[in-house]
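There are two complexes below, and they share subunit A, which is joined by subunit B in the first and by subunit C in the second.
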Partner chain A sequence: MKQVQVHPERCLGCMQCMLACATAHSRTKSLFTAVGESPLPKPRLHVGAGSHDEGFPNRCRHCDPAPCLLACLPGAIFRDPDTGTVLVDPDLCINCASCAMACPFGVLRYHQDWVAPAAKIVAQKCDNCLERQHEGLIPACVEVCKTGALTFEESDEALRRKTREVARSVSMGMEEQPLIPTGVQLLRQAKKQRFEMRCR
Partner chain B sequence: MEYVIIGNGIAGTSAAEAIRRLDRQGAITMIADEDEIPYCRPMISNLLAGDIAAERLAIRPSSFYDDLNIKPVLGRRVQSIDPAAGKVRVGDSDLIVPFDRLLIASGADPRISEVPGSQLPGVFCLRNRSQALDIMAAAEHGRKAVVVGGGLVGLKAAHALQSRGLQVVMLIRSAHPLRLQVDASAGRMILAKLREHGLQVLVEAEVAAFEGSGKVLENIVLADGQKIPADLAVIAKGVAPAAGFAADGPIGLGPGGGIVVNNTLETTVPGIYAAGDVAETMDVARREKRVNAIWPEAVEQGIAAGFNMAGRRVAYRGSLSRNVMRIYGLDIMTAGVVEPPAADDSYEVVAVTDKHRDIYHKLVFRDDRLVGMMLINGIEQGGVLLSLIRREVAIVEKKERLLEPGFQVGKLMPQYFK
Partner chain C sequence: MKTKAEERTITKDGQLLLKKMEQDQVETVWDRLEAQSPQCGYCEMGLSCRVCAMGPCRIDPFGEGPQRGVCGADADIIVARNLGRMIAAGAAAHSDHGRDLVEVLAEVAAGKAPEYSITDEEKLRRIAREYGVETEGREVLEIAGELAAAMQEEFGTRKGFLTMANRAPAKRREIWQKVGIAPRGVDRETSEMMHRTHMGVDNGWQSLLLHGLRNALSDGWGGSMIATEVSDILFGTPAPTPNMVNIGVLKEDEVNIVVHGHNPVVSEMIMRACESAEMVELARKKGAKGINLTGLCCTGNELLMRHGIPMAGNHLMTELVIGTGAVEMMIVDYQCIMPSLGALAPCYHTRMISTSDKARFPGMEHREFHPDNAAELARTLVREAIENFDQRGETYIPVEAVPSVGGFSVEAIIGALGGTPQPLIDAITAGKIRGAVGVVGCNNPKIKHDYGHVTLTKRLIENDCLVVDTGCAAIANAKAGFKVAEAIKYAGPGLQEVCGALGIPPVLHMGSCVDNVRILVLAAALANALQVDISDLPLAGAAPEWYSEKAVSIGSYFVASGVYTVLGPMPPITGSMNVVNLLTSGLNDVIGASFAVEADPEKAAVLIRRHIEAKRKALGLSALDI
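Coming up: the complex of A and B.
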């Protein structure tokens, strides 16, 4: 089954995915109108700075077993049996933040949402864009990622592809192809160096 | 194999389920005081507040006991255990249940007030579902309520009663609420917030008596003579392990009054296990035995005890005190050691405050390990910090970095994934 794969070594921290995520979870599904919605749609994945200030896309891993699911007091967090996606039922959620205390990746947020009961603050997390997938679309964050930091593929295929890319990058006679696109590498390097200079 | 489980709280329930995963044949008897289908105890304050319906408390189907082929003995407490004979005596009856493996998951009882009048109708505790329903019934006709105690349950009770439209006075013995969870400066922040939300809080207040003419509560009398009129009172002075039946037997109790267990949740008597609010386990942050009477630990301990009882050796890695509360416009998440012993210089404290965002974050390190945290507002990354405490990860970078705005799991790469 295809899943969103995260390749942090390619993230530039442009946050396009966050914008696309918020739009995909809006009522109107268009950035132009989404910004005027109330409650304001918010992203489910969070781009932050990595260990050297380079980009890091932080997204729910849909863990198995999922600590948030086990910690959920009202039983609002459940797993979609078909896709393994860990989801929150906004009607059952009591906004207690037990899931935030349990999540070792810090991906839960609490706010209103147009699909939740009006004015109710509920736990929000990545839902693998199941709604989009039903319409034959890929998750919104992957669709807009320009650097390949987010891909939508089978886990073992992603691994095989990476292995192939490494092998190719050191093999004679292949067209020279860097592991990470040169532009991406350059920008990440710049951020890293700026960070190191600051630390000195 | 005859399994007996004392208690149908989440520890006992989780243990029964774990046993059934490994042993479909063995007989399981569950003896419990509460005649209920397993329900979510932390949510009784939500019930009291009117946020959820009573039916929503149940966390297992009504066929739970049948589904798992459990013989329930409900509405009765265990009176004594005879470890040598492998027998449990139930209540004051002649019912004696034999066991090969016993789990004590009897939970905890609220500490009751010894002052005169505490038996008056209108004076309640908030520990179980039926007590929450009793308070709701009393609140129907009441206008004024007093909450004795400023701990987690006290705060939740006060908040719930306020949302029912009652005027609430909170009496706290110490100088600020949540004395066991937060430090003095956080305590002052919280106190101010409570008062902002219309909760009247009296600090350093000692209750001398509950007063009533006839059979109804009328006043709470303080040690200084002050009288506070009240239609109902909730005593929230914490809980104590319900281990009375083990007091003079061979089952070892710890300094916290809980039943001491090893890393397989077995007590000092082979074949007898304990889990949940009654168990005294190794606290990973404090490195000492402690009763950590919290829901997530009861779940884990129940599962681990169940597996061990059914014959699969599972090591329980120890407990960690932790709590999260979103109440009165505050988000509070705490874990482990929040106030390190002053004389011990192996501890280091790092803290930040942000007045504009009402943030106060504090981390406590022992050598290079994170052993405690206290987050007032901005709790999103609490789970990441908590996992650093539980997994005892050596922090190699500058400790202050863990509190920088924008801190998230990516900052910890790659040592986090070691």
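Coming up: the complex of A and C.
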């Protein structure tokens, strides 16, 4: 089964996935109109900054067993049997934050949403864009990620591809194919140096 | 373990005020940088393009996603276009500042700016002759009018060359002609850059970058040079003057007025109003001991250079200075004025005043200065600042000010050398001074505040390299105590001997950021005296903490003039290794100089010293292995 795969070494921190996620979860499904909605739609995945200002797309792993699901007192969090996606029922959610306390990755947020009862604050998390998938679309975050930091594929395939890349990067006698292109490396070195200099 | 404040700035006043601002729960530039993190990698690499409405586009540097924009532009073209537009913006900023000064000069000549006058008549006559204006037996104002008109011609396209570019050595001008980058008009090159980077015009990344150099030259030997020379004509050519620096220049018992920005047209009038007996008397009546005018950034540098007005701080201090609670009024003109200032001031009692018809800021009162109303408006504002004195709450001025000496115009340096650059050339030839380095540019919260400037300068002077500086770098070095005669103790033995004999500091304050052209003029004078090109000399430039588009233009005109230049922060070019390689090495074969990027000032010092020794060797002078 295809799933969203995260390749953090390719994240440029552009946050387009966040914009696309919020838009995909808006009522109007268009960025230009979504920003005028009330409640304002919000992203379900978040790009965090590493210690050298490098981006990291932090997304729900849909764990199994899922600590959030196990911690959910009213039984609002459940697993979609077809896709394994961990979902929240906004009608049952009591906004107690037990799920957030249990989640090791900090991917839960609490806010109003157009599909939840009006004015009710509920737990919000990644839903693998099931609605889009039913329409034959891939998850919104993957669609806008142009560097391949987020991909939608079988995890076996993603891992096989990674094995090939690593193998090529160390193969002898051939022109080197670095895992990270030179320009990206240059930028990252410069950023790392900047942070190291602060501690002098 | 460093505290957050210690990680952000090396300056004592900065650290203490950062702590206070945190207690006051007032946001600063560093907090906003943190909130922006991670910053967009496409943009950091120059790979995003929003020039047209078929886009916006971005190129995937990992090669998997799109490799061309909708128009078909690849990474090389997009990076070069973006860099070109940065240069155009920087050149436009400096040159528009220059234009404003020429307009004042024209109005003085026409008798429409009665409070302004020609302060340096000798310089007016000298520059007028350079422009082919007849000076013999003519009235000053007549000459000024004709010079202003001649300078205004430089902005357009009618002349086809810039008069002051003739100050560059003949060899340099030949290179410009050969490569096709001799600047033809100040506005023309900026305008052409905007044209070339429009969709479907110049899609040669090399030709775009070469035009970028020409655009920068139109700033360095055009707009900025006009700005500096006309400022000297109107307000006086700087001569060495003592002053005090850092936040300790604010006074507990006086009305503190701070000027911030770049253009001396406003700050000079504020200064005169502050000095008037009527205002000082009013301040006394209000319970203050006097009026204390201090500067920030480059308009501060303009006043410091010409009048020894104290300097409160550089770019990253502009928010913190308000946090002292001791500033009655901050008066700004334009460039580098963070739009956060207007929102921050109400946390204290500071009144914020914007003055330029082209620069508005949220939360500031707009009181527009024009040459005909400037003196009267300045008096009104100073009066209002005095009236704000009794609104002052608690103040926090945690450090003592440090002494420094400014005012090293080219004329002043040549004067200190006895009227000719020969003693400097002799000292370099003898190896007492290995070479000279311009340490210039801004502050950038990505680099620990002042760390880049001060560390690099320290390493250079202790290794016998004379440092000349401008802008925020110059303020950093003044705060570090490098700008008094006794600072020769930080210098190596050769530099110590030479500066000691001349009674000058080892680091010479040459002015504001438009005054980087003073460094060009000095370099050209040295090259002309030796009948070589600027690129043959043991010189270098550095912008260890640059942030602004103006700095991109400055760096580019330094390089295009033959000066090897080391940047601290990485410019947005790593999306194209072709562009990186051309700028950092390929340009050597084209124009005899190139850029380097090195954020660590310790390593930048080594790069610069190695370059200087290589140039010495090529000139047949003694050379060290670095």
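Assume the second predicted complex is superposed on the first by the 183 of 200 C-alpha atoms of A that agree within 3 Å, B and C clash if a C-alpha of one lies under 4 Å from a C-alpha of the other, contacts with A are read in each partner's own complex, and residues count from 1 in each chain.
Please note the rule applied: a contact is a pair of C-beta atoms (placed from the backbone, for glycine too) under 8 Å apart; a residue touches a chain by one contact, two chains touch by 3 or more.
Model, not experiment: these values are computed from the prediction.
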Partner chain in contact with A:C103 - subunit B first, subunit C second, else both or neither: first
First (subunit B), second (subunit C), both or neither touched by A:R10: second
Partner chain(s) touched by A:G50 [first = subunit B, second = subunit C, both, neither]: both
Partner chain in contact with A:V184 - subunit B first, subunit C second, else both or neither: second
Partner chain(s) touched by A:P39 [first = subunit B, second = subunit C, both, neither]: neither
Partner chain in contact with A:M197 - subunit B first, subunit C second, else both or neither: second
Which superposed partner A:N95 touches (first subunit B, second subunit C, both, neither): first
Shared contact residues on subunit A - subunit B and subunit C: 48-50, 56
Subunit B-facing residues of subunit A, complex: 8, 46, 48-51, 56, 58, 67, 70-71, 73-75, 92, 94-98, 100-106, 108-110
Complex contacts: residues of subunit A adjacent to subunit C: 10-15, 47-50, 53-56, 145-148, 181-184, 186-187, 190-191, 193-194, 197-200
Residues on subunit B engaged by subunit A in the complex (per definition of touch): 40, 42-43, 46, 51-52, 56, 59, 295-296, 299, 322, 324-326, 331, 333, 335, 379-384, 386-387, 397, 406-414
Residue ranges of subunit C in contact with subunit A within the complex: 2, 7-8, 37-45, 58, 60-66, 446-448, 451, 569-570, 574-577, 580, 597, 599-600
